[in-house]
Structure formats: C-alpha cells, structure tokens
Amino acid sequence: MPDPLITLTTDFGDESPYVAAMKGVILGINPVVRLVDLSHRVPPQDLRYAAYFLANALPFFPGGTIHVIVVDPGVGTERALLCVESAGQRLLVPDNGCWTTMIREWGDAPRVVRLTEARYWRQPVSTTFHGRDILAPAAGHLSLGLDPLALGPLTDRWVWLESPDPRPGRNSWIGEVVFIDHFGNLITNISADYLGNPSGPRIRIAIGKHWRRLPWVPSYGHVQPGKLIALLSSSGMLEVAVNQGNAAHRLKAAIGTPVTVSWAR
Amino acid sequence: MPDPLITLTTDFGDESPYVAAMKGVILGINPVVRLVDLSHRVPPQDLRYAAYFLANALPFFPGGTIHVIVVDPGVGTERALLCVESAGQRLLVPDNGCWTTMIREWGDAPRVVRLTEARYWRQPVSTTFHGRDILAPAAGHLSLGLDPLALGPLTDRWVWLESPDPRPGRNSWIGEVVFIDHFGNLITNISADYLGNPSGPRIRIAIGKHWRRLPWVPSYGHVQPGKLIALLSSSGMLEVAVNQGNAAHRLKAAIGTPVTVSWAR
Amino acid sequence: MPDPLITLTTDFGDESPYVAAMKGVILGINPVVRLVDLSHRVPPQDLRYAAYFLANALPFFPGGTIHVIVVDPGVGTERALLCVESAGQRLLVPDNGCWTTMIREWGDAPRVVRLTEARYWRQPVSTTFHGRDILAPAAGHLSLGLDPLALGPLTDRWVWLESPDPRPGRNSWIGEVVFIDHFGNLITNISADYLGNPSGPRIRIAIGKHWRRLPWVPSYGHVQPGKLIALLSSSGMLEVAVNQGNAAHRLKAAIGTPVTVSWAR
C-alpha cells in the first residue's frame, strides 16, 4: 500500500498561511500522508472556475486519492460540508456545487455524506476557516482508514452547479467562453460533437459580436506566431488561441463571453 | 517512522530556480525526505510578514518537522544562522527575529544553536545564497538524524522582532493592520481579549481616520456581497472584510494602517 | 530504495488545471511516486528562461531523479520529444534545446532517446498537451523501472540552444542580462573568469548605454538599502543589484539588455 495521497485545491493564494496551516493539520493527524498541491490560485470564490478546474484535473488521479477543495464563499453560514465518493476517489468539499460538473461527466452516482460529526473536527472550530478546522481533519482521518459514514449521515440532496450548454442558432452553435488559461487561450463549452466534421480549413467564429474566419488547425505551431486560430482543446472543446500570444487580451474576451461558431463556406 | 518532513518558506518567488536548487540540495543529502512547500511568496525581505506567516502556520505541524525559512535581508553579512528547537519542531532560519513572534505565542523556551560547523555546508559557500549552501544542507543532515549540537554552539542571544501591542484610547483600543490576506481581508493585532463581550450587533471601527459602524458577524456570508463587516479572524483577531470583495482595496489599507475600535452604542 | 522522485517544470502557471492533470496521470501509472514542483511560472514559451532555470536547478538533484519539463512552443508540430540521460538523471523534454545549456555545463555526453513508442502514451493523444499525454506517462513508466530504450530509438541529433558568450571590447567585456530574479537582481552571462582579480573596490559597468561606477561587494547588506551594487551571483556570474530594492525596475533592464564591464581606475 502506498502512503495515502491527499491533494489540495483552494482559492487561498500561496502567499498567506492558510494553505500551510491546512497542511500542518493534515500531517498532524497522519504524518505519513503525501500532499500534492493542485492549485491555490482559483480566483477568489469563483465556483465556475473551480468546477472547470476540478473536471479537468481530478479524473486523472488514481482511485483512493483524497481531494480537499476549499473554494467556499458560504463559509460560516448554513451551507453544508460534504464527503463525496465517486469513481473510487473521495472529495472533501463545501456544498456549493463546484464538484458537480465533474460528477456529471463521470456519469457515476456519487455517495455523499454530510460532515456533521464534530468529534472529527479541530476544536475550537472557527467560523471562517472550515478548510483548516473541518475539511483538513476529515481528510486526515479518512487517510487513516476511517469509514466516511463515520463523518455524518448520507444525503441525496446537494447543490448542483448549472453548466451552460450550447444552443443552436442559424446554421451555427452559440456557446460561451468557460475557461481562460495562463496563456490566454479561450476554452469554450462547444465540444467536438457540436462541431461535426470539419468541412474546410477555416471556421467562422464570433467572439462577442465580431465575426472572423479562423484557420482550423491541429495545434498552435501550425501558423505564424501572433496569428489567431481555432482548434480542439486538450479536453475536446472548441478553443480559440493566438500562437505564442494571448487570445484573451487580443479579443478582450472573458469567462462568459458569447461564442458563435459555424463552418465557413 | 515516517520519512522525514522538511517544509520550505521563502521570499524567492516560484519563478526563479532558487527554491528548486534548495530542494535538490536537500534531496541530494537525504533522498527519502518529503518536501512540503509552505510559501515562496513572502514579500521580499519582509520580516514582519514572515513572522505573521510562521506564527499562523508552523504551530499546526507535528513534532519532528524540520522547517527551512529563508527571508534573509542580511545574507552575506555578519548576521548568524540558527537552528531553533521548540515544541518538538526544528527551524533553520537566519537570525533576524522572524521566528520569534511564533515562539512568544508558544511560550516555550527554545533551544538555539548557531550554525558554525562548515563541514555541514555545501562548498564553496556563496555570499548571497545561504539558503542553498547552509540552511538546506543543515536540514538534510538533521533529517538523517544528526544532533543539532553538531551544527554549532548553543546560544542564548538572538534578534527579537518587535510585535506591536494594541494600546488603550478613550473607550477604545488602538492597534494596526498586521496582515492582509489574498482576499484583501484585514487582520489586526487586536485580539478577542481586547474586544470583550460584544455589547451589540455593531462595532465602531476607524481604519486610518474615518470612523464606521460595521456589522459584527460570525462570518462573511451573513451579509450581502459587497458589504463591509467586522468579525473574529480564524486566528482570533479582529478582522475587517468585504463579503466576496477586497477590504484592503476598498479602504486603501496597508500593513501598519492604524485601527481603532470601540463597541458602538 | 526510496520511492521514485519526479520533478515538474512548466510554463503552465499554477492557476490552470494542466499541472494537476499531469500529476494525476503520473500517479495513475505509479502511485508511489514523490512529486516535486520546481516551477510552473517559466514565462510562456520562453526557452532561454527555461534554459537558465534548468542549468541552475537540476545539477543539485541526486542521481535517479526524473525531471519532466514542459515549455513547448512547438507542441503538435513535427518537433520531437526526448528522454535525455545525463549525470545519472533523466529528463523528459521537448526537442527545443532548453535542456542543452545545462548539458554544456555538465560536460557530459548525454544519451538521448526519441519518444516514439505510442504504447507508453496516454490515449487518445491530444495535439496540444503532450505534457499530459506523452511526457507524464513516460515519466510514470520510467519510475516503474522501464528501460529508456523501450521508449524509442537512440538519436544523436537534437536542437541546441545558442547561449550568448561575452565578447571583448576596449579594456572591457561585453555581455548581456540573461536572467532577472524575483527580487529584480540582474544576472549576466559574464562569469568570474572574465572579471579577473578585482583591482579595486569599484567596477565600471554599463547596463545599456549609461556607465556607472558601482561598489564591488560580497553581498547585498554591505551597502545601505537602496544602493546599486555589483557582486558575484550565487552561480558565479556578474550580478547587478539594489540592496532591498529592484535593480531591473531601477535600471529599466530586461533579459537581453547589453552589459559592459571593466575594472574602474
């Protein structure tokens, strides 16, 4: 048996001591845990960003991994905290839906427990840092072999996050930008299934209102640096990019910007 | 026995190779070490920031943990380097006081060794990177079981960092902002002990010169997004925040900004 | 035998899910791997930056370490992917030369394999994320004991990255800024060998066109805060810095800015 693996995903940034405190709490409960940072730069309280992040990262991890996720605008209110089991992995996460996009894609019925058993919490429990006081201790105890059912009652109610689906337009599909990566590449919610078979070397795309004909290419380096292109993202979605440049800056696009697409004639 | 745990806290940023070099040096001495990043984004040479960070992160770690701390404006001068043992943990740190705030809170008499034994240093020792050449090797050797007393002589003299205490005003306490987190929340040096029992649902606070009456709430989500609030921080201090917003930007506050507080009538 | 060590160096940033996906893929193949982040903040597609980073970080790691390096402007084109063995370490890296600066300094003849055996790739292989689909799986398989020769054929052809060498001027050496660290310190390509024996306490340096006489000191703290200085960097190169300040901002210098140096009379 390898030593247990606990990943951490937060919006805490990496300059403040919050992530470090959570690591200390976990290792204080189970000193053999291997910690893996996924990201601490989810934009503050941005549940849609967190949902995209988790759906594109967690599926690659092996069964048995425990994921602690702290993007928690509702901390200290009545919102619940959950232990979610799906595809052999376990998530410790506030009940705000950020994990449900990934679960929809897995198509697996999750087993969900509400964290109510205060004996597994760090005392005293603060009102503003449940990552440290409830989620991290729960992860530590699970890594020691605790049955998730010891953490609280099963539940079949939780918050679902709405994921926008593309809708049909006139000879087109209308979607939106759902993610912008570090390079400024625009990832949309329009999957390969909607695009059908490419009918030519170019595709008509409107980012916002302005239509363009973009080369449809396999990857960035197939055009000159600085050129706008359309391609399939590594997650199988329509992506708009600039080779060695920043498409988000160039097109003044943001998460939520409408994207309309049709094959150019 | 779990594999030894060494944490790293620096102001090196994570874009330059300095942190990576330290990790290589440690693993070169003891390849079974488990490394844990605490932060590499302490603002450059900011000892007060480092002091707050350490006091709010290290106490959560288990006994036996080794912490390497490199915030070192005096590198290459006569300032000493120290191995500090307290509460079962060991710190390798420049003698600039950034660790003393935490020690004050622990109330434990530390055992302190000056690092003078050059046989445990990486050779040749640079004049500008003692994190790589002295502190990281010391951590590696300690993780192999070396007695800290082999690293140099015991000392009972070191630099203490001044921590400002709140002072009384007219029916008020006058303190200051001591930390601003990633969300822009303002953490002050005014602890729950100073605030006494809340006498009402609001508290009068001046951040700088402008007085406000703020709702006194358990957590962020108890008010509408965008509202200013006062609350107890997760470390038990007076905190001023904006629900889902950035109080530091809103109030133009910085570390050191005066904060005056009294219960509103 | 310690659990295998795999380091990660990318230009992905740490806010997007790409690094997390690679970690999941590696751990999915070999769950006992210990992952070590070197940096995910190499500037996008900056091969010279990556080359400096690797040359100043990888040599410190112990034999047996596996390094995954993803700075890959040519992803999805005909550029090859390589497994490089040198000094007992293994690198998985696109064939763009970013690793060759380090190899030149090691002076060791590397053994280089082209990654062509698709059976060790994640399927389906995307056209834009070979870090996840080819390099990470290769690292996972190597960590399980796979012979690098199983990954593809040996090759003796690869891209070399040009490293600028200083050239002689009139009683001077003319080089350039090759790295700027988090503190704004300017690291040049002029090594101690070119500087010869210091003939005085000052050195004449032109950063760009403007000549200055700078104190030649062992480290930052030997002058008042805010003063410009010249010193030997921790890697043995001429460095220009401001004690507790940012020399790059002060001198408006960038990577590639010319630097001319001669000992002052």
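Going by the order they are written in, the chains are A, B and C; count residues from 1 in each one.
Methods note: a residue touches a chain if its C-beta (ideal position, glycine included) is under 8 Å from a C-beta of that chain, and two chains touch if they have at least 3 such contacts.
On a predicted model such as this, the values are computed, not experimentally measured, just so you know.
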{"item": "Self-contact between copies chain B and chain C, residue sets same or different by half", "value": "different"}
{"item": "Angle (degrees, nearest 5) of the CA superposition of chain A onto chain C", "value": "120"}
{"item": "Gap in Å, rounded to a whole number, between the CA centres of chain C and chain B", "value": "30"}
{"item": "Chain centre separation in whole Å, for chain C relative to chain A (CA means)", "value": "30"}
{"item": "Chain C: positions in contact with at least two other chains", "value": "3, 14, 34, 37"}
{"item": "In the complex, chain B residues that touch chain C", "value": "3, 11-21, 23-25, 27-28, 31-32, 34-35, 37, 44-45, 73-77, 79, 126-129, 132-133"}
{"item": "Chain C residues within the chain B interface of the complex", "value": "2-3, 5, 7, 9, 14, 34, 36-43, 52-54, 56-62, 64-65, 179, 181-183, 218-222, 231-234, 239, 244"}
